[in-house]
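In the two complexes that follow, chain A is the common piece, with chain B as its partner first and chain C second.
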Partner chain A sequence: MSNDRLFVLPGETIDPSLIPSHPKNPLRLGPGLRHIPPSDIVPTVAGQLITNPVKNFMSIEYNSTHYIPSQGDIILAQILRSTTDFYLCSLAPYTAPATLPHLAFESATKKTRPILSPGQLVYARVSLANAHMDPELECVHASTGKADGLGPITGPGCVFDVSLGFARRLLMARAVEDGGVGVLDMLGGEEGGGLAFETAVGRNGRVWVGSDNPKTVVIVGRALQETDRSRLGMERQRRLVKKLVREMRWRD
Partner chain B sequence: MTATTLPEAALGVLPRADGSARYSHAGYTVTASVNGPIEAQRRDEHAYEAHIDVIVRPAAGVGGTRERHLESILQSSLAQIILVKNFPRSLIQIVLQVEDSPENDYVNTKLVQASLNFAIMPALMQTAVLALLSAAVPMRATATATAVAIMHQDGAKQTVVDPHPRDIEKAQSVHVLAFTSHDELLLAESEGDFTVKEWDNVYETARGICCRSPPQAKEGMAMLLDDESTGGPDMRQFLRSTMGFKVAADLHWK
Partner chain C sequence: MPREAEPSLNEKQFVIQALQENLRLDGRELDQYRPLELSFGDQYGLADVKLGKTRVLAKATAEVTVPYTDRPLDGIFTIATELGPMTSPAFEVNRPTETEVLLSRLLEKTVRRSGALDTESLCLVAGQKCWSVRVDVHVLSHDGNLIDASCLAVVAALRHFRKPDTSMEAGVLTVYTPAEREPVPLSWLHSPFCVTWSFFGEEGEIAVLDATWIEEQVRVGSCTVSLNKHGEICQIAKLGGTPVEAVALLQCVSVSLTKVKEFSDLLDRKLAEDLKRRDKGGFMAELRAENDR
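On to the complex of A and B.
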């Protein structure tokens, strides 16, 4: 996939030979870069420069804990309160609330819309993120009208906070191969003895773990947080899962 | 004389803050936490840019006029390098806690309150920049800072880098300079008697410490010799290697 990996600091000049130049596709800039017209591309955070000449794409890979909304992100939001037309939701602590219109749910009309109470969780997409406005969310695909897995989260479970980089790794299409996170597969598979649970990972660094068994919820959440904070590799993740499951079995 | 220790830093020391750093150099140890961009209070809110809130806490006692003065200087310098226009109506909070200083803070220094504490400024500035980088707050450039004093010694004038508080008491003039990573002068505070020529000298010395070009251009041996001749640590290289370690650890899975 990406070839060149280079460490950059904010304001450093990127060697022009590293900037991908595709004959047809326009250059796409990911997080951590800004374009100063006419032709300067400057990093704004410290991280690793990722370039992809095939997709004509470049970005900075870094880890942080404070979520800044950007359009298209799948996030886990908590309802703060409801107004006449929309819900106000929190994406990250101490930030301005995001708005979630009452009608931005699958097959919602003025008469039939989901009634959400303060504190409830919703799995949503950021539909509008703009420096001068509060972010806007949706739980439905604007063109198809389908929820695609988004919507209010129901059932017993608990939310765990992880770093944004870890949430990104969990959200990768191939989390085990590309992201190096195998805890969830291990917990549900052979090492964990087939624990039954479900998860919803938000790009804002929140992971909801749901299961009928509270012990499973705690174990999965702890395994995720431990993997994130101690920066565990695959082998250590396996050992952690075995240890946690063994401890759980003893207490039964 | 001057503390010849190399700067040391640790990032992410406070787990609940968005970004944090502990930095020690020349006898000073400062811990900084950065939170932001968060929602600003109504009175701090600015329609077009983020409000930078700098809080300096001394090692002993509560902050006074001296700390407020330091805060205002740091605030205006940091607002230049943070991309404040990206986050209108929000707040970026930087708290700098002085943990250790070579002077005795328990001695009542109220009498000299009006004078600025120059020796601590580079440490505060450097810690704030490291904590901002650790919080991944979007910035225009990074910054490096140093303090330089001009002293009378054996009938000749000498420039002392990172002076000890006792040197500062005896020094003819003391200067704090900070440079961005684009080699632009970010901060210049001076105190005492000095001529324009002396200031130019100080500027060149500080620039040599803050804006040394990356060493790969030179050969290994020449670099070593060069390090000795210019004197003082290479702040830019220090910043780069500190952040490099942090990023490499964060992206261990790649």
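On to the complex of A and C.
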């Protein structure tokens, strides 16, 4: 992470020269920013201001453990119960439940909708996140009708809690270069001896790790949590991966 | 009242499946405790126990009161447990949950009813004045195995505690401040510790020590053994759950003894360290005229 990014505090005025202006695209605000009409953009959290002039996008990068839903976030939700038209899901313990309509799945109709039981996990996108309203989720792209990897999570695996900042770093398109998180690549690469596993990272700070071998799940989960907790750099991540893999081999 | 957040089905299934292969989520052995940290506060009688992410603070205090009329020769000793909303939103003040009732009952049975503290030594004037020793247990963070952590915190706080020195002269009871006379430790008879086993599997055949919160959510039964380092068992509580074979339970108790010896050694070592830290060089240092300035 570069240090030249501006650090802002909640309620601070953002210099208008920093706000990206694009001739065609509308300005999009990410997490941590709020538009107060007519023309004020105010940070709601303390963190680093990120601007992208090409996408005409700005957001605030911060680390916390309290998840606030924001539109477009990919999250890992847990079904609480089902009502006539939608499922109630929890994004984080002790927060207001989010709604997931029964028909918001790929090729779901009234008859073919997936039946989910309480406690099951779904990988979903936040489709609506207004202030003072329960957020709404979807497991299908509204315009294409494709799931794009979203949907109920089945198969052997476990969920591990990480901090929100770490989850965002994992979700970056170039997690190794920009986010500085290489554990997953290392575990699947030569340091980890080519472990086979899959992950589903939710912006709400939950990571699902799936593998047929429970040992692999435990190694990956521990590596992720340890990297997050001790804020490990690349070199220490490599050492951690080697250590965990060696420990597991030794136990066999 | 908010309910305790439940783990997802995937997590529950995985924890059980992994335990059947002798695996735990944090990579521990089945009979291994999480890293145990014990520290004392600046005041006497303040113990802070960290067991992984579980954290318990115990504070011992003493005051002079009137003894109970039916026990004129005994002092008063109480343990107060408090699980507040800070621990988890599922706990409310003044509305004890089952966890809290069980915790206070087990601590009571382990420490108070086993006679770890000699209450007769707390008596000052028979039927009129006695010490009332109270231990407040505050659970700061709950990640499973509260009982073992709380019991260790209570015993550590009481062993660390010093009550003001007193004297009786011609029917006048004097309580000295710490400046006048060095406070005295409680008359402590033995140090009991709790070791909680969690059972998993169809018939409870997998026994696990120091279960985390998620493991506690999926276990089929648990058993708390309280004993001291000499192997004297104070109580065994197996409250409901799947029945466990007697031989397996015997095995558990014998492993518990080794764990209790470790706790006992840790506590002795920490107390000695704390004593060393407080000792500014003994009598000669006190007599010196120069001060720290």
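Note that the second predicted complex is superposed on the first by the 210 of 252 C-alpha atoms of A that agree within 3 Å, B and C clash if a C-alpha of one lies under 4 Å from a C-alpha of the other, contacts with A are read in each partner's own complex, and residues count from 1 in each chain.
The rule we apply is simple: a residue touches a chain if its C-beta (ideal position, glycine included) is under 8 Å from a C-beta of that chain, and two chains touch if they have at least 3 such contacts.
On a predicted model such as this, the values are computed, not experimentally measured, just so you know.
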Clash or fit (per the criteria above) of chain B with chain C on chain A: fit
Partner chain in contact with A:231 - chain B first, chain C second, else both or neither: first
Going by the contact rule set out at the top, does A:247 touch chain B (first), chain C (second), both, or neither? second
Quick one: classify A:61 as touching chain B (first), chain C (second), both or neither. first
Let me test your reading of the model: by the given contact rule, A:5 touches which partner, first (chain B), second (chain C), both or neither? first
Chain B versus chain C as contact partner of A:44, first or second or both or neither: first
Now for A:94: first (chain B), second (chain C), both, or neither, which partner does it touch? both
With the two structures laid over each other on chain A, which partner does A:147 touch: chain B (first), chain C (second), both, or neither? neither
Of chain B and chain C, which one touches more of chain A's residues? B
Would you give the minimum C-alpha distance from chain B to chain C, in Å, for the three-chain superposition? 7
Mind sorting out which residues of chain A both chain B and chain C touch, each in its own complex? 93-94
Within the complex, which stretch of chain C touches chain A? 2, 5-15, 17-18, 21, 23-27, 89
So, in the complex, the side of chain B touching chain A is made of residues 18-19, 35-39, 81, 83, 85-90, 133, 135-142, 180-182, 239-240, 243-244, 246-254
Chain A residues touching chain B - in the complex, by the definition given at the top: 5, 7, 9-12, 32, 34, 44-48, 61-66, 68, 93-96, 131-132, 165, 169, 179-181, 231, 233
Hey, which residues of chain A end up touching chain C in the complex? 78, 90, 93-94, 117, 119-121, 153, 156-159, 208, 214-215, 217-218, 221-222, 244, 247-248
